[in-house]
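We call the chains A, B, C, D, E and F, going by the order they appear; numbering starts again at 1 in every chain.
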Amino acid sequence: MSERKVAVVKLSGSLVSPPSPLYLRRLRDSVERARSSGWRLGIVVGGGATARSYITALRELGVPESILDEVGIESAVLNAMAVASALYPYSPIEIPRNVREALTVFEEGLIPVLGGLQPGHSTNAVAAVLAETIGADLLLNLLNGVAGVYAGGAPGEPGARLLRAATYDELENIVRDKRSLAGTYELFDSVAVSVVRRSHIKVRFVDGRDPEVIQRILLNQEDLGTLVG
Amino acid sequence: MSERKVAVVKLSGSLVSPPSPLYLRRLRDSVERARSSGWRLGIVVGGGATARSYITALRELGVPESILDEVGIESAVLNAMAVASALYPYSPIEIPRNVREALTVFEEGLIPVLGGLQPGHSTNAVAAVLAETIGADLLLNLLNGVAGVYAGGAPGEPGARLLRAATYDELENIVRDKRSLAGTYELFDSVAVSVVRRSHIKVRFVDGRDPEVIQRILLNQEDLGTLVG
Amino acid sequence: MSERKVAVVKLSGSLVSPPSPLYLRRLRDSVERARSSGWRLGIVVGGGATARSYITALRELGVPESILDEVGIESAVLNAMAVASALYPYSPIEIPRNVREALTVFEEGLIPVLGGLQPGHSTNAVAAVLAETIGADLLLNLLNGVAGVYAGGAPGEPGARLLRAATYDELENIVRDKRSLAGTYELFDSVAVSVVRRSHIKVRFVDGRDPEVIQRILLNQEDLGTLVG
Amino acid sequence: MSERKVAVVKLSGSLVSPPSPLYLRRLRDSVERARSSGWRLGIVVGGGATARSYITALRELGVPESILDEVGIESAVLNAMAVASALYPYSPIEIPRNVREALTVFEEGLIPVLGGLQPGHSTNAVAAVLAETIGADLLLNLLNGVAGVYAGGAPGEPGARLLRAATYDELENIVRDKRSLAGTYELFDSVAVSVVRRSHIKVRFVDGRDPEVIQRILLNQEDLGTLVG
Amino acid sequence: MSERKVAVVKLSGSLVSPPSPLYLRRLRDSVERARSSGWRLGIVVGGGATARSYITALRELGVPESILDEVGIESAVLNAMAVASALYPYSPIEIPRNVREALTVFEEGLIPVLGGLQPGHSTNAVAAVLAETIGADLLLNLLNGVAGVYAGGAPGEPGARLLRAATYDELENIVRDKRSLAGTYELFDSVAVSVVRRSHIKVRFVDGRDPEVIQRILLNQEDLGTLVG
Amino acid sequence: MSERKVAVVKLSGSLVSPPSPLYLRRLRDSVERARSSGWRLGIVVGGGATARSYITALRELGVPESILDEVGIESAVLNAMAVASALYPYSPIEIPRNVREALTVFEEGLIPVLGGLQPGHSTNAVAAVLAETIGADLLLNLLNGVAGVYAGGAPGEPGARLLRAATYDELENIVRDKRSLAGTYELFDSVAVSVVRRSHIKVRFVDGRDPEVIQRILLNQEDLGTLVG
């Protein structure tokens, strides 16, 4: 699929939090196999349920949305640190706080694992920017129990149908009407679409409950989920 | 206009770079008068011509867009440092690199002056997030030689007409079709719209070539330019 | 109880994670009343259930204990950020990463809220060191559903009895035999005892499920739970 | 002694401060030989006489113990920088301020040299935590003019006898009754014992006045001083 | 002498290292009295004997001069931390590492205490730059056992005579021929002269063995030592 | 010319700002060829016209010289980031802020690109200190449109003549009478001379308008411009 063999893997936070030892071990094994086959990776992890529970409670106290975003960022950083620990010693435990630091880690031959960076940004936008920075032409987006991008409704809604492929414009239309309250970023967002579009980065959305999907796509080139771009 | 008397001022980078001593002095005076009247401010400065010249040159060398964004961020930080110097000693010369730091500066009674923060974000998004964080209900956007928001075309184009007021949706429609290559962010962007919408922050776009406009709006409540929200 | 009116409040992480809006609101109110009455505070929050679930899972993968401690520290930092958000704008959202930074925050008239600092240290040791640094003579330790220090067994065990008062030596004997695997720090630890002993800081252990206990002790001088020192 | 060939060397600060060119040169040579033989090292240096003289003077002014600890930490950092300079260019001159940074240095193939980290912690605890983090199974503790661990009294006291081996429990009993005033940490401390115990790290205490002892132990496997664990 | 009542005090490192409790207490008292009388201060401390002993030893190992300078800087930072501790809680224990940070501390109403900053710079140059930054018009330079600036030879040499006043040019001529090996900076240096000259900052050199000299000069306007400028 | 093949290249800021794609591309190619031939490099970039325009404007507002220096430093950092971007991925985009960080970058096999560091220091002094730190024995100074060091007047003045070689003393005499106002550092400065003299580093001044000069000197050993030392 890609000659340069550089990819970014985005993990839904809910895949690793609450954590299962089995999941983390299989994630480590799948990443390790991709690495041994010559793939160079960056990883971004979402905030998951921890983020959402804090944000919901604090919003009731009238805390500003940007500060709720900061709590979401810190949740994602915690999840990222857990994933980096599972990859020990191939990833620094000190989670990069901007893409310049992530690039330095990548250039040293390690796998940067990131959480969130700044309010207003989802972790999907982080993943898109990281892909640009390290020269990845694939962003592999691991969802939790959703098989890919659905049109005609959210997954599970009547009329919703799984897309096998989509253009950047189609993806943008699907994500456009989502609200942007902290903790409610979904699927992808418009900043992320702009970034992958401007740099011609392909995005593949798959169900990530089995992390072996990473090697199935990177090594075996299986055509799973939805390919955008 | 606002009871809380907290506002964010966004300056087009081109207003201060290349710099004129006269402009900087009048900016300082206008900010100082707003401050004496009880207004608490945050300031964000764009990247201006410096940013654009570097970005254009480096794009020809094939440098990734996110790294071009980093050069744009650093240009904006330089402009911010120059504005902070002009406000000496009311603003720290050490420019905040995230909104948490900016909030700390604000809580100490000083005026945080920011440039850019992260790739994928324009300085307008920074201004919106800063407004949320410090509890501003007005974002005052100083353009360079443009009187406000135009519909029906870019300013100067035939058919373009200045709006006196607009809704968030109208603003979003106007900014939607802009491309997001580094250095070409214009007027406002969709992240910034999302943020001001979610927190009910009003945005006023005015021509900033005379910085006295700050006090005319904050102190005299003159109804200049375009009011959004 | 104290003439200097400086205290450190240590919160069990499980009191705020998973979070309840009601709890956070009452915590904010109780802290606010203590503050209005002239008390100057520092706060330390534990890692809670999030810490323990990550640590348990990652230990199965053979991750070194010090790195598990780092995950626990980051969990406590997330909890601290949530508490700091609830206290907005009286506490910086940027959580101090060492006691020098915490002292600076305190000297600026704000309330530093800390999580963990370094592997090998529990958040109780952080609380003791913070108390020393800001000159607190009381460390108020809020437990989750335990009324104070028990001798003769862990709380709930047959033969366990609640102490109304204890010496540093008695406390040290009670905590001595606990193991120190990451995530299993309990009640207090030997570093924390050493620190409060060397600086004559009193420690009061109480059930913190009702955060009003803070004002009942600081303002009303009620003699609740167990007083050590 | 060890198959993994990863070790941490702890140097008493008094071995390098005041400094002798001869000692530093021989230390460099001994470390270099261990490195050439495949050993990967981390180094921790104590605060020595500088720390103690400052701490004693400042305690008389009533400075809080935690801040005295900070002065001790900075003294140890200075000693660490001197040792790192002597190892130039195999060790970064920028001394790591937490174990996450030290791990990154180690993963880049360099030798992290650390001083102290946080109040309440001795440099022996730092050494134990560093050993855990980089996966060392030996902590080699270089004392100044003491041949190892003594039981039945401090070295030189009547009845004191040198142990050739000891269990973690025996070591803990010996260090237990020491006070923990800043600057008086001795031999080892209870946090350090907990850490080496939980991770099964062996500790060897030897007289470090001749730094060749490093290669005699690591390369020749001589059985010197006291082995704990 | 000065209407603005802002001054920088430069202390020879040898005045505080090795430390005497008596000296530190009297320094604290003298600074406190200046502060109560409305003076706003910054303080810079030299590296003293610790710096020189390390630098001499490491130079014999062939360590580059810039790295020797780094060891000198760290020595000065340690001395600065000790002075900041003595002034607790009026000075942050976290020593500023550049003048932007020092300015922020000063603007918060605290007394920044600095050591060295960058190789090639002496602590006298740091003091001059700090004076400029915080708007001091007096730099008070406390020497150790030398009464002021001598012409016609180093103090104690035959023919040397104490100057009561000197111009910037005369001072520059006196310092010009000194070598600049790390650890041998003396009296003042050419960067420091350039800075005080360009900003019209007066420099007074006095014997600092009795720290009461600070209040005698700032409060009583006694004409001691040598005044330059 | 040099057996160790380590050099520092200092670029006048005006060579890259305003930027030309052609210049940046040829700079990248020339650096790349030097690197392929075994040369290990550090690069320092000046502040250029951007720095001077800001400094001139802000000086009229009475901003302190040290803060003007900070604006100059930030301008040089921006120029450095642009050069580092052009060298992507051989140079970190995160510009080192002190020489310890630069040394770490160099030891990792990358090319550190620096701007300014501290007020009072020119970027020539930075280049000299960097050369010392990374063990360079040549500092190659690329001027903009000037062929080397002139004696008997500034270049272009009647009587000025280009030197082919000069001693450190001759260079010092030439630079001595320059003023040190922020933004007016010229050619070289006295700190820089002191540093290259104390460490026997040769300095070659050449016209840098054609960046191929780097490879002509490093690879072909052409004897261009002026050689000092």
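Please note the rule applied: a residue touches a chain if its C-beta (ideal position, glycine included) is under 8 Å from a C-beta of that chain, and two chains touch if they have at least 3 such contacts.
Each chain and its UniProt protein: A, B, C, D, E, F = UMP kinase.
Quantities reported herein were computed from a predicted structural model and do not represent experimental measurements.
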If a chain touches chain C (UMP kinase) and chain D (UMP kinase) alike, it appears here: A, E
Far-end chain from chain E (UMP kinase), centres as C-alpha averages: A
Fitting chain A (UMP kinase) to chain D (UMP kinase) on CA atoms, where both chains share a sequence, rotation angle to nearest 5 degrees: 120
Repeat of the A-F interface, chosen from A-D, B-F or C-D (over half of contact pairs identical by residue number): A-D
D-F or B-F - the one linked by more C-beta pairs in contact: B-F
Whole-Å separation of chain centres (CA-atom averages), chain A (UMP kinase) against chain C (UMP kinase): 34
Centre-to-centre distance between chain E (UMP kinase) and chain A (UMP kinase) (centres being mean Cα positions), rounded to whole Å: 53
Approximate Å spacing (C-alpha centroids) for the pair chain B (UMP kinase), chain C (UMP kinase): 42
Distance between chain centroids, defined by C-alpha means - chain E (UMP kinase), chain F (UMP kinase) (Å): 30
Residues within chain B (UMP kinase) bordering two or more other chains: 64, 67, 70, 93, 100, 103, 108, 135
Pairwise touch network: line, ring, star, complete, or other: other
All touching chain pairs, where touch follows the definition stated at the start: A-B, A-C, A-D, A-F, B-C, B-E, B-F, C-D, C-E, D-E, D-F, E-F
Residue numbers on chain F (UMP kinase) that touch chain E (UMP kinase), as the complex places them: 64-67, 69-70, 97-100, 103, 117-121, 125, 128-130, 132-133, 135, 179-181, 190-192, 194-195, 198-199
Contact set on chain D (UMP kinase) toward chain F (UMP kinase) in their complex: 89, 92-94, 108, 110
Of chain B (UMP kinase), residues touching chain C (UMP kinase) in the complex: 100-101, 103-104, 107-108, 135
Touch list for chain D (UMP kinase) against partner chain E (UMP kinase), complex: 17-21, 24-25, 28, 50, 53-54, 56-58, 60-61, 63-64, 67-68, 70-71, 74-75, 77-78, 81-82, 85-86, 88, 93
